[in-house]
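Chain IDs A, B, C, D, E and F follow the sequence of writing; residue 1 opens each chain.
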């Protein structure tokens, strides 16, 4: 089965990582996975949340959101509805956990970095694009701090990147766009370190449950995709 | 390394499934995984949400919550804070997705079943206990509907059960209690059907990222645990 | 007129008080008035609310809530609606005031006890069962504190119990179940101390207003019911 | 013990009932109990809440609120805090129940009347002044409807008035002002019909619990006060 | 075209400023512009908001609100809806800015004054009446503070008053009542100091956009109206 | 006094209008006034709000928001705080009113257009950039509708553009950047049609009140700026 944009099953969409997109943020990236476009801003803040004060350890947190017209049909603003939906919460938490996996809190010192990932345009894979872009914004923010000698050590012990994989019909596909995502029987988001280990594996049978063999091929495909994204992050930061 | 309650690494905690715990609900179960105690109520409701009306298809949804003193330290009520936290949202969504995997919406007809999973006492694994118990409550609610000839067919096409697994120190453990969960490097929740396929795999590196071999042994362990829980569900429903 | 469960007009439903129902709480009770089932947890907390700091006095507060499927028809969760309803507020305040009537704040020292009363199953009289059970949970929590020498004196200067009474048709009934409560012309909740004094009297004409004679017989009936509940509390604590 | 404003124990404060205080409302009253000043507006609305549609019956509801500077110290606005406090809810519900006691829903037809009771200045007894004033506003709104032949019959089957009583030191006092209310051991709000029956009795031991004799004298005192307020309402409406 | 109340185009409605309307507030005014009736309370508070602490400067803030039945049709309470509408926010901010224009923060010292403007009855021009009345309440609160020697200097460096003007049909009118406001092509609110300078000019084309000549005549008319209101404020304070 | 970016007092910042920035929206523009960067999306929706149904008239509404790191210091998300601030409300209302001034509702038919203006980067003048850009997005959305023959006529009867002007020190400046805005004594936002009439004039004395002569020169300067922005809009749409 041919993919609608002509990609091979194991091929990423065109990936663009534009650093320094915002004038004010300590680190910022406009990341694009095909038509998916996420603006990632890393904000350095003095101090840490109350429950962590006096520990000598830093903190990383993330907030994910989508502009109302990022999608094909306009969505209501969560600020207008007065509450954040479950999906938004879940993705914010995922991004935060993923980025924390590459940070040494002690080396960061009692500083916080907030990663804002705002989806300007959505076409599938917004959370994986957000994680991949947020890492680069984080790296820039950390560099900014180190220039100012704000950290006791080097807080970045690894890199992280993320990609989606899924089973659509009888094909196992890498980096699903929206129409593929909707059609997928199984959908999996995988976050990996630059050294090839897993940080997060989230697989869901949207339709028919999947067996171990399917799970194994999805993981293989994701590992390849994350390795390629890691290479793009390195190029962008070079 | 011995487990604090003397279990083998691949041993579940004592599991109790008490059906019919509530007088009013169409299906209800008090499920216990060791000291974790979750009250699962299945409520049958005429009709489906607006976006599904006229489709001829049913709907299953779930809400998870924790009593303030389910935990060692009293937590604030979400109703008092005026908003639901990200963790609650995330688990409610997971339970709903998991139970939907064993249901044929067409056979259910335009009816809804709400699964309320309220944690009365928490000692790790509340979401997996909730899914395992909710399935039994759902089966009772479906039986109640079928007695009343409310469904066009048999909506239950499979069963689902869930268990947590994790890496604590150098051990790979099944069904973590709270103290093990806190100490885990990697924590994974696995939801499987009664026929041994995956519905949901959620693995997170809380500390050090994990490699493929660790992931594989976690999945093996989880498959065994889910099979055993499926047997307990069958006994309870017999 | 016979009562639907065959009780005499001045007869309580079967009352069960199960102490230590929760592993984590300093005091906990599952109280049952017939099919009404309320889980009462007493949580000891260091310190008092800001407005009371430095006074040397303790504080007691209560929160009442109902699980969605405690009732015959599933109710929406207040956490999901994002606000607490008037009835919940009113009952929480009543429970707090009632329990404060048996406490010597000075002897409690600058400590707080939160009484969570969660209705697991409702069949009328949930607030009176909650008060009656919460007193026993409170007594256990106070004992727990005194073992640890946390209180300057004995904070429990009395006991409290509560019961509902009402006029249904031409009968004056004790401890109304739900169907009686719905049919009542007049409904009264009475909270009394173990020594037979009134803490709270709340009488409402749901239908026809009532005269002084009716009020007097309701108060007589309630006094008898509270005395009996006081005896049950003593047995449970013995 | 002399009262601070020189009243006898069984004496009301000066009561003023000014009808037609608002240009737009169908009925409106500025009621004053001494320095307590409540603006009561009765708004006639076509139709009834959804749960009552098609019943042929009307509905009465009430909302109570306090201006921020009604009190000695400025209070936060509930609209700014984003939620209504328990006390506000409780009093709104009390006012609604009280006024419903004098209405024949069938004679009202499928119409609603909303009673807004806004405390402009508070000096104790705001809820009893609100009920007493709201009755007069309601009577004017009903008259307005009957002129327009909107009601199938006469919806007003009785009148209601309310007063507070309390035990302060060794005295039993009628119509407590704020400083007396704060000092009261026992505080009771009593709502009665114009024909001398009870609609609502709410007695609370703020300090020492009270015995039956105390309760009896409070009820006697309240009955006298309500009779006098009923007379003032009749004069105002004459 | 004749105005419905017979006024000349450049004539204010009858203006009444009643000082000391509230017993508790440090300054309070009931201001009436025809049937528009706004209760303005000035509350003196120790200290300033956190972001201003230690600056030696005071602060003035305002909150505007409308009673539900101030208008011809009852409006929902913002406290019940759980959020403040855009119009309320906007007017509160306008009142605050306007009053701050006549205050010397240094002479006020680290004290705050909150201006609560509650519309009891609305007939157009509620925000301009609120500003005009709030100034007088503020002057009384400042006098109260100066008597108690709470201010390092004289914080009132000027006075402010406000009026609405508009184009209705071919007429340019001063101080629009509600029916004129609804019919206006252009609507302008102008806030001026007692010495005749502008503090705020807010003109809006509700229908057809307006040219510079129209703008000029509106400003001329407003200047005359504000001068007259300034005179009324002086009389009231004399 | 030289401007920090070397502009003449009556000179706009570099203005860029990029159409079609979003793939999904019916009209979209990235508008830049110097470093201020606002993404404007126009979403066409079938039907109109309830209060307007059956009128045959269309509706235009707008929502303004700012990304957390649009500013120099990260701001809290309004969705996380659970309510929209007064400033956001005020600007959303201003944008909506401004754009409605160029639309013929009858020619639009019963359709709605929502204008989302999200500030990606802020450096003063975000509301005026938003209005200027939103007009172009609106024009594209209207063209999209007319191609599909969704409108009974041509809904665009004019164009609108907006600019800020202010008094900084002794200079009257056009199109203030953030640092100038902070230093301004007087700040004015002016919205004008393409044919040179006023839609909205909002002038505020942040410091010293301003006289008529100052107001006049601000209006002159704004008229010139709006004319230039109108030319840029025309070029962009050509």
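Note that a contact is a pair of C-beta atoms (placed from the backbone, for glycine too) under 8 Å apart; a residue touches a chain by one contact, two chains touch by 3 or more.
Remember, predicted model here, so these are calculated numbers, not experimental data.
Note on connectivity: the fewest steps through touching chains from chain A to chain F is 1.
Here the repeat of B-C among E-F, D-E or C-D is D-E, since over half of its contact pairs match by residue number. When you average the Cα atoms of each chain and compare centres, the chain farthest from chain A turns out to be D.
With centres taken as mean Cα positions, chain F sits 50 Å from chain B. Each chain gets a centre from the mean of its Cα atoms; for chain A and chain B, those two points are 27 Å apart.
For the pair chain C and chain F, the distance between C-alpha centroids works out to 59 Å. Within chain A, the positions touching two or more other chains are listed as 82-84. Taken as a graph of touching chains, this assembly is arranged as a ring, one closed cycle with exactly two partners per chain. One ring covers every chain here, and the order obtained by setting off from chain D toward chain E is D, E, F, A, B, C. Here chain E touches chain F in the complex through residues 83-87, 89-90, 92-93, 97, 101, 158, 188, 192-193, 195-205, 209-212, 215, 219, 223, going by the rule given at the top.
Those residues of chain D lying in contact with chain E across their complex are 22-25, 28, 35, 39, 41, 43, 45, 63, 65, 67-72, 74, 77-80, 82-84, 88, 114, 116, 118, 120-121, 123.
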